[in-house]
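Below are structures written as structure tokens.
In the two assemblies presented below, subunit A is common to both, partnered first by subunit B and then by subunit C.
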Partner chain A sequence: MDNCTYEKLDISGLDAWFGDKQALKGVSLRIKPKTVTAVIGPSGCGKSTFIRCINRMHELTPGNRVSGVVLLDGVDIYKSVDSMDVRRKVGMVFQKPNPFPNMSISDNVVAGLKLIGAASKKELEAVAEENLKAVGLWKEVENDLKKSGASLSGGQQQRLCIARALAMRPEIILMDEPTSALDPASTAKIEDLVKTLKAETTVIIITHNVQQAARISDMTAFFYLGELIEYGETRTIFESPKSPLTERYITGRFG
Partner chain B sequence: MANEMEYITKINAEIHEMLQIVDALGERVQNALDSKRRGMKDAAYEASVDIQHREEEVTALCVGSLIKYQPFAGDLRAITVALKVSYDLSRICRYLYNITEVLEEFEVGACEVNDVSALLKDARSMVSMSLTAYFDKNRSLASEIIERDHSIDERYRMVLSAQRRAPFGSGDCILLNGLTARIIERMADHACYISSETAYLVTGRRTSYR
Partner chain C sequence: MRMVSRKNKDRVARWLSLAITVLAIIPLLWIICSVVVNGISAINLEFITGVPAPYGESGGGIANAIFGTLIINAMASIFGIPVGILTGMYLSEYATKGKFSSAIRTSVESFSGVPSIIFGIFAFTIIVTNVRHYTALAAAFALGIMMIPIVAKATEESMRVVSDDMREAAIALGVPKWVRTVKIVLGVARGGVITGSLLAFARISGETAPLLFTALFSFYWPTGIDQPMATLQVLIYNFALSGYQERVLQAWGASLLLVMLVVAINIVVKIVTRQKYKEGI
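Right, the complex of A and B next:
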């Protein structure tokens, strides 16, 4: 992690509700560019809600509300930016790989670009190759590019989804437990990929696996009951957390 | 942590056994020094080898626990500190053996050993207290031990000064006192290392003593 002084994301006083139920309570934190931030905490603590507020997905469900400030490169994404633009800049990878089953492998990668009509066929092919290479999938699928994305293994499908997110050249990638459905070998590949992604992108990853958080992240945020309890350098959090609650969670005493 | 993990309890039980061996050997070496008696070397060597094996056992338990449980925070510190404490105990045991070697090596019957004897007594008490601080996670006791090291260092230098002024022809006694004082001073250092690790175990912050 470099000593960059500017913040990619500057979040302050973030509250979020599902109807009357408050899921996030006054969350404030700053995330530097080209870092990996792990978000940890027990189920229901607000981790997913938190990252869904960063790409304005939380507001998609009727009745959901958000208040507070989320600055992306200093610009308030809830005031000055169209929600679609936000989602273009902030990509997302979900827990369960979700390739479009009726699309080929290469079409899956460029689906977003095709949707916005951003490139020619030749350019799209180049983008597909570049991003399949970026996720380490190219050699495994280069002869099967026209096969359905659903024909791949779970781990390959997840890397395909990451390639799809990368194809949009996002500035931030949000990952919601991207390896929880994968075997150890596929998990290792995704973890390696996350570490390489930060050369170009800022990554925020939710994980229930605290060992994974320790392995791959520069910074760690611990949430509990909708509040950000502790946020700091991963090494510090996992060696000497300040909050007894964090200590109890990461040592498996609860959660 | 209030509810200590089983693997840490097991590791500490091993360290406790190491301490009992070191304590027992310390007492025997103290008696040998006080009475300037020989014949302790083999027994001290055996104890030293036993402690080394136990240190290896603690290392294996710690590494196994790291692999199996991948601990964090207080649990992780407990394991890293246990590794160092077991090493320090093994060094302390080796120093006690070194004292028996010195007793064996020289003609010490006519030597005055009151100062080094008192020094050994204090260093042994520091070792014992440092382990009490470790097992009880008592940071203030650990700090007290580190403070006491200044007195040990000062008395070590006084022993050396006294040897410089010793009458010509008392070479064996000079060597006995000088070497033994140096060995004891190192023992006390290891008691301080254990105390320093205890402070880290409790607070999560390192204050370098080593």
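Right, the complex of A and C next:
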């Protein structure tokens, strides 16, 4: 119990299935608050399934199943919390930027709050500005707040999506390869942003790019065939991995 | 040698398809031209502001029929468009592979092929024979039912092509399903829904058979939505067969107005669709 209070996320014995196919096998790990955790591993290793179990999106597809315990601030998100509330506490940013094209830039930022009717118009404006500033987009869009979210460039759209997730004041932000569809300059901006985010929140980021993991994360988790092979401080994982599999992966010999 | 024959075949196919296309367009142009040529001389201020003159007197207009068509179409839309949208929404977002869903899907699809006179006789049987007089409400009911499958199909198709990325984005924000469906998926698909609704409106603007059983006709301004009401369609039918030279001319004029209404709606549809692509949906 003494550990629970200071772990943001405490996952134990997490299994996940797509129908009969087991995608995650007995994953256990603890994540400290205000850190960035990188999740790496070859395609199909269960990285996405893993993070989708943290905001309860894995179970949405009929036939999918999850078992195990996921404690967020000590509370079991599969037993004691409604799935909608879990997703309000655990934000997500996707691989492909997905702003709502039927909403303006500022409405996109506050979409979550607006759609659940959680704030007044005045509050929403302030929230939009605050979060656009947090992702460094404010100066670029200040005069275009009423334009469609789809009118922005890919990198700007992704930052808009991060602002949208941040506006919910999440405890955790999950990111599923957020830079893989972006150019290098936009990628660098998002990487810098991720580093600043941990002042306020806890970030779990999937990346295919091991250099990116090394640059931005405090902790790294390496998955292979649905199992968590190695988890520890990023520097340790990169300098002296315990598992030969981890070493082969991060040195680019497979994956 | 073979090369030449292949090129010749190619040429024949091209000219043949062009010739047949022109052949197919001729009747259409013919109709439009005769409607314009015959109709234009009937149109003047009295024609579009007055009511029909009593038999034997000359002059008069068709304003009551223009008004009636718009009223009945509006009432049909108020009923048909929301029901169509909800049906399409159900088929796109909630329907499963079960028997119930497939029964709904099949009936929506076959509904659009049912001849319009059937809807007329249906409205006649359940409304007109019960209230014992012709009424515009029955016409709106018949036309509204006809709009449902068109709007439902358009809604279903445009909601289905909304990328799952949008649904996932909304799910990840903790937005309940019905809010996601209405505010996000329907919101993104709105171009297609508007297009479908306008096309359904255009479609019912040309229907005559259901009106003969229901709204019938009137020579006067409407006195209430539960009364017989003049429409352009029935006016064309009555006046064209009246045998009076002037009335026949007025029927042409009414036809021109009706064609213009339908063309105008199609132009609006084009504009809406173009905007949809501009937004990159």
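Just so we're on the same page, the second predicted complex is superposed on the first by the 250 of 255 C-alpha atoms of A that agree within 3 Å, B and C clash if a C-alpha of one lies under 4 Å from a C-alpha of the other, contacts with A are read in each partner's own complex, and residues count from 1 in each chain.
As a convention for this text, a residue touches a chain if its C-beta (ideal position, glycine included) is under 8 Å from a C-beta of that chain, and two chains touch if they have at least 3 such contacts.
Quantities reported herein were computed from a predicted structural model and do not represent experimental measurements.
S.K.: Once chain A of both complexes is superposed, is A:112 in touch with subunit B (first), subunit C (second), both, or neither?
M.R.: Only subunit C; A:112 stays clear of subunit B.
S.K.: Which partner, once the models are overlaid, touches more of subunit A's residues, subunit C or subunit B?
M.R.: C
S.K.: Quick one: classify A:91 as touching subunit B (first), subunit C (second), both or neither.
M.R.: Once the two structures are laid over each other on A, A:91 reaches subunit C alone.
S.K.: Check whether A:227 is in contact with subunit B, with subunit C, with both or with neither, and answer first, second, both or neither.
M.R.: A:227 contacts neither subunit B nor subunit C.
S.K.: So, does A:200 touch the first partner subunit B, the second partner subunit C, both, or neither?
M.R.: Neither partner.
S.K.: Report for A:240: first if it touches subunit B alone, second if subunit C alone, otherwise both or neither.
M.R.: First partner only, subunit B.
S.K.: Have a look at where A:253 lands relative to subunit B and subunit C in the superposition and call it first, second, both or neither.
M.R.: Only subunit B is touched by A:253; subunit C is not.
S.K.: Given the touch rule stated above, what does A:129 touch, subunit B (first), subunit C (second), both, or neither?
M.R.: The answer is neither, since A:129 touches no partner chain.
S.K.: In the complex formed with subunit A, which residues of subunit B make contact?
M.R.: 1, 3, 5, 70-77, 203-205
S.K.: Spell out the part of subunit C that touches subunit A in their complex, as residue ranges.
M.R.: It is residues 163, 165-166, 168-176, 179-180, 183-184, 187-188, 190, 279-281 of subunit C that touch subunit A.
S.K.: Report the residues of subunit A in contact with subunit B in the complex, numbered from low to high.
M.R.: Listed in rising order, the residues are 210-211, 214, 238-241, 246-247, 250-251, 253.
S.K.: In the complex formed with subunit C, which residues of subunit A make contact?
M.R.: 55, 57, 60, 84-88, 91-92, 94, 96, 98-103, 111-112, 115-116, 148, 150, 161, 164-165, 168
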